[in-house]
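Chain lettering (A, B, C and D) follows the sequence in which the chains are written, and residue indices restart at 1 in each chain.
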Amino acid sequence: MLEIERKHASFSDTVHYRDPPKLVSRHEGSYVYDKDGTAYLGLPMRYWAASFGYGNERLNNALHHQIDTLPQLACQYLHVEKVQLAAAIGRLNESKFGVTGRVHFNVGGSQAVEDSLKLVRNETGKTLMFAFMGGYHGRTLGASAITSSYRYRRRYGHFGDRAHFVPFPYCFRCPWGKKRESCELYCVDQFAKNFDTEYNSFWDAKAGEAEFAAFYVEAIQGTGGYVVPPPGYFEKLKAILDERKILMVDDEIQMGFYRAGKFWAIENFNVTPDIIVFGKALTNGLNGLSGIWARDELITPEKFPPGSTHSTFSSNTLGTAVALELMRMTEEIDYEKITREKGAYFLERIRDLQRRYPKIIGDTDGMGMALRMEICQADGFTPDKDLCDAIFAEGIKGDLDVRGKKMGLVLDVGGYYKNVFTLAPAFDITNEEIDLSIEMFEMLFKRCAPDRV
Amino acid sequence: MLEIERKHASFSDTVHYRDPPKLVSRHEGSYVYDKDGTAYLGLPMRYWAASFGYGNERLNNALHHQIDTLPQLACQYLHVEKVQLAAAIGRLNESKFGVTGRVHFNVGGSQAVEDSLKLVRNETGKTLMFAFMGGYHGRTLGASAITSSYRYRRRYGHFGDRAHFVPFPYCFRCPWGKKRESCELYCVDQFAKNFDTEYNSFWDAKAGEAEFAAFYVEAIQGTGGYVVPPPGYFEKLKAILDERKILMVDDEIQMGFYRAGKFWAIENFNVTPDIIVFGKALTNGLNGLSGIWARDELITPEKFPPGSTHSTFSSNTLGTAVALELMRMTEEIDYEKITREKGAYFLERIRDLQRRYPKIIGDTDGMGMALRMEICQADGFTPDKDLCDAIFAEGIKGDLDVRGKKMGLVLDVGGYYKNVFTLAPAFDITNEEIDLSIEMFEMLFKRCAPDRV
Amino acid sequence: MLEIERKHASFSDTVHYRDPPKLVSRHEGSYVYDKDGTAYLGLPMRYWAASFGYGNERLNNALHHQIDTLPQLACQYLHVEKVQLAAAIGRLNESKFGVTGRVHFNVGGSQAVEDSLKLVRNETGKTLMFAFMGGYHGRTLGASAITSSYRYRRRYGHFGDRAHFVPFPYCFRCPWGKKRESCELYCVDQFAKNFDTEYNSFWDAKAGEAEFAAFYVEAIQGTGGYVVPPPGYFEKLKAILDERKILMVDDEIQMGFYRAGKFWAIENFNVTPDIIVFGKALTNGLNGLSGIWARDELITPEKFPPGSTHSTFSSNTLGTAVALELMRMTEEIDYEKITREKGAYFLERIRDLQRRYPKIIGDTDGMGMALRMEICQADGFTPDKDLCDAIFAEGIKGDLDVRGKKMGLVLDVGGYYKNVFTLAPAFDITNEEIDLSIEMFEMLFKRCAPDRV
Amino acid sequence: MLEIERKHASFSDTVHYRDPPKLVSRHEGSYVYDKDGTAYLGLPMRYWAASFGYGNERLNNALHHQIDTLPQLACQYLHVEKVQLAAAIGRLNESKFGVTGRVHFNVGGSQAVEDSLKLVRNETGKTLMFAFMGGYHGRTLGASAITSSYRYRRRYGHFGDRAHFVPFPYCFRCPWGKKRESCELYCVDQFAKNFDTEYNSFWDAKAGEAEFAAFYVEAIQGTGGYVVPPPGYFEKLKAILDERKILMVDDEIQMGFYRAGKFWAIENFNVTPDIIVFGKALTNGLNGLSGIWARDELITPEKFPPGSTHSTFSSNTLGTAVALELMRMTEEIDYEKITREKGAYFLERIRDLQRRYPKIIGDTDGMGMALRMEICQADGFTPDKDLCDAIFAEGIKGDLDVRGKKMGLVLDVGGYYKNVFTLAPAFDITNEEIDLSIEMFEMLFKRCAPDRV
């Protein structure tokens, strides 16, 4: 099979980051199984899409059911689930933010990001955006332009709408060497300075107009390493943006749907974004359905009329049916409580790990069930990418002896220095499974860094 | 339901092209049903995605089955269906074109187009493309730049990589007033002239280098109105492009998978494209899975290495499972024969219609099961968009009295003047159903243009 | 001297098109002299800048005088000559076109073109332009984007505002193979077709808006080979542009100031451009002064306020003093008569040459004192660049035996195929000098193509 | 005259920054005279172009002489002065920096900047640049893209090659609140951090390649307010750029030719730029001649061949003759000594002023004869633009009673907050004239801020 793959498949996606790639056959709950039946406890849950657990029965059933009724429809016609899903999200946001808005669907996170760019360009007549260093918004050309890594642009020619990237408040490694206790959000002040005079390049004081249309944010950086910003940061930032008539676009593709303890991660920070982009967990990973919500003023039928954007699979019936069921689950089940509690338990366990392995773990942090563990050298600060890679590779081997059974641990590596384990367990993970993962971490530490345990 | 929609849904997709939108509840074979159970015979088959029929049992079952085994997987791991699907397409192209290549998957046609743009930019170091007037390649910012309609760019600011659009060989309305019988492919010669001297703006004769990287083509234009190019056109075009080292990217999103009587529409024209983009019918519309195939030289692991592009839902397990089953069907069933024969029958029937309604139909044409019927004024040439719209609107009312039953006819309008019915019936449509559609066309002609029948 | 040059000077300007370069010491009237005192009759007159003759006493004196009074001034202050010059041009255009306008100065033709681009962008909010194949507007990045030759862009990365280049009505080599007598301006119709439907890529019919802001034209192409468009062409083109709200920018840098028999070349064609760009002959080549004139509505102090553009040498006192004197000369002397008469005489002489050397000259044409002679192969049509180059090279050798004296002939080669001598003699050339040039042409023909005379 | 101006002249240059504009008739040495003969002592010397004094006899004579010999020449031919001037600059740079290079000429500073952009793009294949906040490089579209003020871009659509602007080390108002004594060049470290990881957006660590091609610097900011960077800054910056293979382009248009006490301002800072751009004072403001010098590797005839760039007035004979004479003057006269000494005297005098008027002057600084005086509120720090404007306006009135005569003081206002007098006196200003200017400053302070003197 690997030989066939090697001959016919492009290597351009992420399969070959690891060589040879891992073949997976089945999954359930928090586990994936290889063809030999070995179980791997998954902490990333498929790039953060399967928050509600692999093989979630209720959602899978919704999908089965929709196949048997209306498995597809040209998006020029209407089906009930689309309407109900849009309404569910609209009402939820109205209750949370006190503002009305509208929902537009698409397929794939990048395309939703592209739709948000169209919305911003349409509203402002401008094409330049702010975005965060460490931010990730997708891999279409437009989304790559606002994603920080130059690596994603390097071989693809000129990006005329490359964002201006602003340091994210990554306090463990504050770019200005400040301490969170005493910094008084120095970082936001540094951003605000950009508008002091026209010579700072962003602001025409005579016209009272900014050159940049919107600021794309992830409330908690995903690929950037699950970095949690300090309290007050976003409030202060939004005030500056409002004053300069710069929109805030909140990319919740990774963190939305309770990953960070609230329906939207941004809710943790007391600001109302102008546009929200979402995807991934919207269908628990069962369908590429994605979407945007925008404040009404930006997306009225007059301003953003029929035909403003479109895609064949945009409001597809299978995806909307699953998403609608998922929205119902969130109305019935208190996921805020679940994610806060399980997240707190998991955070406590990794903080304990940090205390016990100070020569391996430099930082732990988390919000809801988005947790980070930064692998550092013995000084507890210098990033140790090599060790991080080793732990990842050993974890995925599937040969950890866990209570008499061979198991593996599936991890995801992120962060600016690629030395952060970003932990995004399924919401139905049990405390026992959390404990199990901690056990496996310890085994991996011992195996990979025997001299630092 | 429509009221809720009106409040919470963005109008920006195509639902509100018709107001109020049509609510659909169920579909099967070639029919969709509204909530009252009225049947509508569908000729477009969901923007050309459901070529293999609504509710195709074999494909739906493949989807059901995959949900119960491995409904998703992070695309950094591998699953069998992905490999087999890539291999099936790779082998098929090798057999057809005699060149080896590789397949990369994504989700949504636009994202596959964006991937192809990355591939082209990576190979050539250039960012400018040729594309056809009347061509459609998607609605992300990058895809909009190579899609002809300015309407899709107008409110979205500057497009620094806007394509140079070349007239498509639309012989019924030849831009140069030539006749197909005697033109000797004047249109290709006009394109070739662009490289005569450096003053034509495209060619640096001293360096022997073109300013443009690739030519994006649809072998048969989709949205442009199912325009079939004259024999020899693409062969001659490809020779010019090869001479100038300009790649040809063949967008088969609408026409691929036998719509035009061959697996790829381009096969009808004896050229081997450098890159093929596909989607839609790949899963019979059940999943947003899309992809590109490229000649090996362009997409070697060295040139287009891991991480070159990526998306969460790219090679998703549900989509690849359905697509793999579909590929198996194409190996077992002679769709070439089916589409050629049924297409021929349908074409004959609409040609007969044209003979009988010369004051309504100006042109009919078709290749495989991609057929066109151009609605014109009494002179048989001047486009009659109003009549076309009226026929569309009456057809979708669902009140045609067909052999004692109320029925509707779902049509799709395309073409430069929005006066073309683009007919893309399901491959399992019966001759009786074709006859039925002809009957309904006649009813609609009589209802909408009583003085011209 | 040449050795020093070879070591310290960049080769990037046009000096090294010919190697070794020619050293010039002095010039006067229509002649330049090398260090040995050999005279060369100049037909191009320094890239068309010195129309009023080398060493024009009156203009040189104006320059001498200004040096002794106010040789410079920061352009934030005002000097009399600037005001009078602006007024002279403004009044002239009012009398010619019946519309009021304003004048803005800069230095170098390209910078004036850049200013015109700013004016167009400011007015329309759009960044895309039409321009002609064969058109030349300068070599800054912005001007290169609307200049047809890809050679001027090739090594300089992405040009996001590359113009869409339209074939110029070059009737001797009509791109569509039409004959001027019977074509009925087919070429303009071909341009007009671009706005037929949104699928032609330039026009949003729903919004009634074009994607392109302006059309940059040279009324007679300069570098393109002194191609004179057919009567009616520009009138018809302007009507189409007006209908689509696309501005016409008339680049008179090469043809302005009577080169084509009228003050502005465009006056020959009965249209009023929205913007005129000028330079070169404005100071008879004594100063880089350039400028734009625009219809009042485009350039009101409100729309194009102080600080909209600027350059240190923009309205420099030396340049404006010379230009003002030149404007006075044009008021006192009937240059229209002079250029029409001398041009007619010269054209008659080269037409006679063509009759006598049909195997060398394929086409001759001219308007005012802008004349062309196209060197072709024996068939009278196939461009013969080699012969053209040979004639040029022999002419500049300075060894023609003319009535007992060694002389040279300075020619300029232009045209799409680099086979056109573009003749732009000084306005004070005598008929005897014209005859002399004809004699030298004959000698050169005999020397370079003995078998075709 | 003003009425005529108001009717025919565009207001778009800087004349109307002050309304009504000042009419100037004559100038000499450091003085300009209005039509009534009132003298104004000029401290800016025509946007820094006339460093060698108004009406400099030697240079004016060189200009007169050239008019009478060869006042112009098509730049495809060669004249002696061009060669000698290129050689003079080339040799000077070789002696100063120990590297060989080549010189290319153009006209107007912006066009030289555009040429440098072409050179950078040609070398690197990249289009994005770093530049300084507060930096000014011209007003063509390309130059505006790397000039910090958004005001210069706002109404002109998309700038796809907008620079990334980096804070200049403006220590009096350190963006990070550091003190020069203890900062250890924190600012350079902040810049260096941009290359720490790929997530900082500028660096692809895997490929070892930066997204940005060059850093455009003014060694001392001109328009930005004559800000002198701290010792060591540029050395440290250059090291970082070299390490990342990012070129340094040194814009000496304002500061070159001894303004800052050395031939090139950058010489004060011990770094060798890769490209130098120059203009303005090159001809003492008598001609728009400008140019670039580049390290040989960047500008070999192979890499930057004939035709790479061009402009009619590029190496014009009048400009090169004056510039050559000016180069001779700099070889004969010790301008380094002159500018250092007079600059020191002037700086001492304004520092004394600052001591005596601490409630008006917040900062004084200078290098060579580029001096700054920052007008602040009584706290000595808050910028006081209003007072600065008032002093400027009163100075230019021409009614100061100076030793029994009515006089005026011409000032130039710059700086981020438009509260800095940027003083650029003529090199032949006398100490008495310096004293005179100080006297006038005091009168103006008393007149404009009686309560703060």
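One rule holds in what follows: a contact is a pair of C-beta atoms (placed from the backbone, for glycine too) under 8 Å apart; a residue touches a chain by one contact, two chains touch by 3 or more.
Computed from a predicted structure; not experimentally measured.
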For the interfaces B-D and A-D, which has the higher count of C-beta pairs in contact? A-D
For chain C and chain D, let me know how many angstrom lie between their CA-based centres, rounded off. 33
Once you find the CA centre of chain B and the CA centre of chain D, what distance in Å lies between them? 58
Expressed in whole Å, how far the mean CA point of chain A lies from that of chain D is 47
Mark out which residues of chain D touch at least two other chains, giving numbers and ranges. 125, 127, 151, 157-158, 160-161
Chain contact topology (line, ring, star, complete or other): complete
Show me the residue ranges of chain C that touch chain B in the complex, using the header's touch definition. 127-128, 133-134, 148-151, 153-154, 158, 160-165, 175-176, 190, 193, 196-207, 209-211, 224, 416-417
Chain D-facing residues of chain C, complex: 1-2, 4-5, 7-18, 21-27, 32, 44, 46-47, 49-50, 54-55, 60, 63-64, 67-80, 82-84, 86-87, 89-91, 102-111, 114-115, 117-118, 121-122, 125-127, 138-142, 151-152, 155-158, 160-161, 279-280, 285-288, 292, 294, 299, 301, 304-316, 318
Would you tell me which residues of chain C are touching chain A in their complex? 125, 157-158, 160
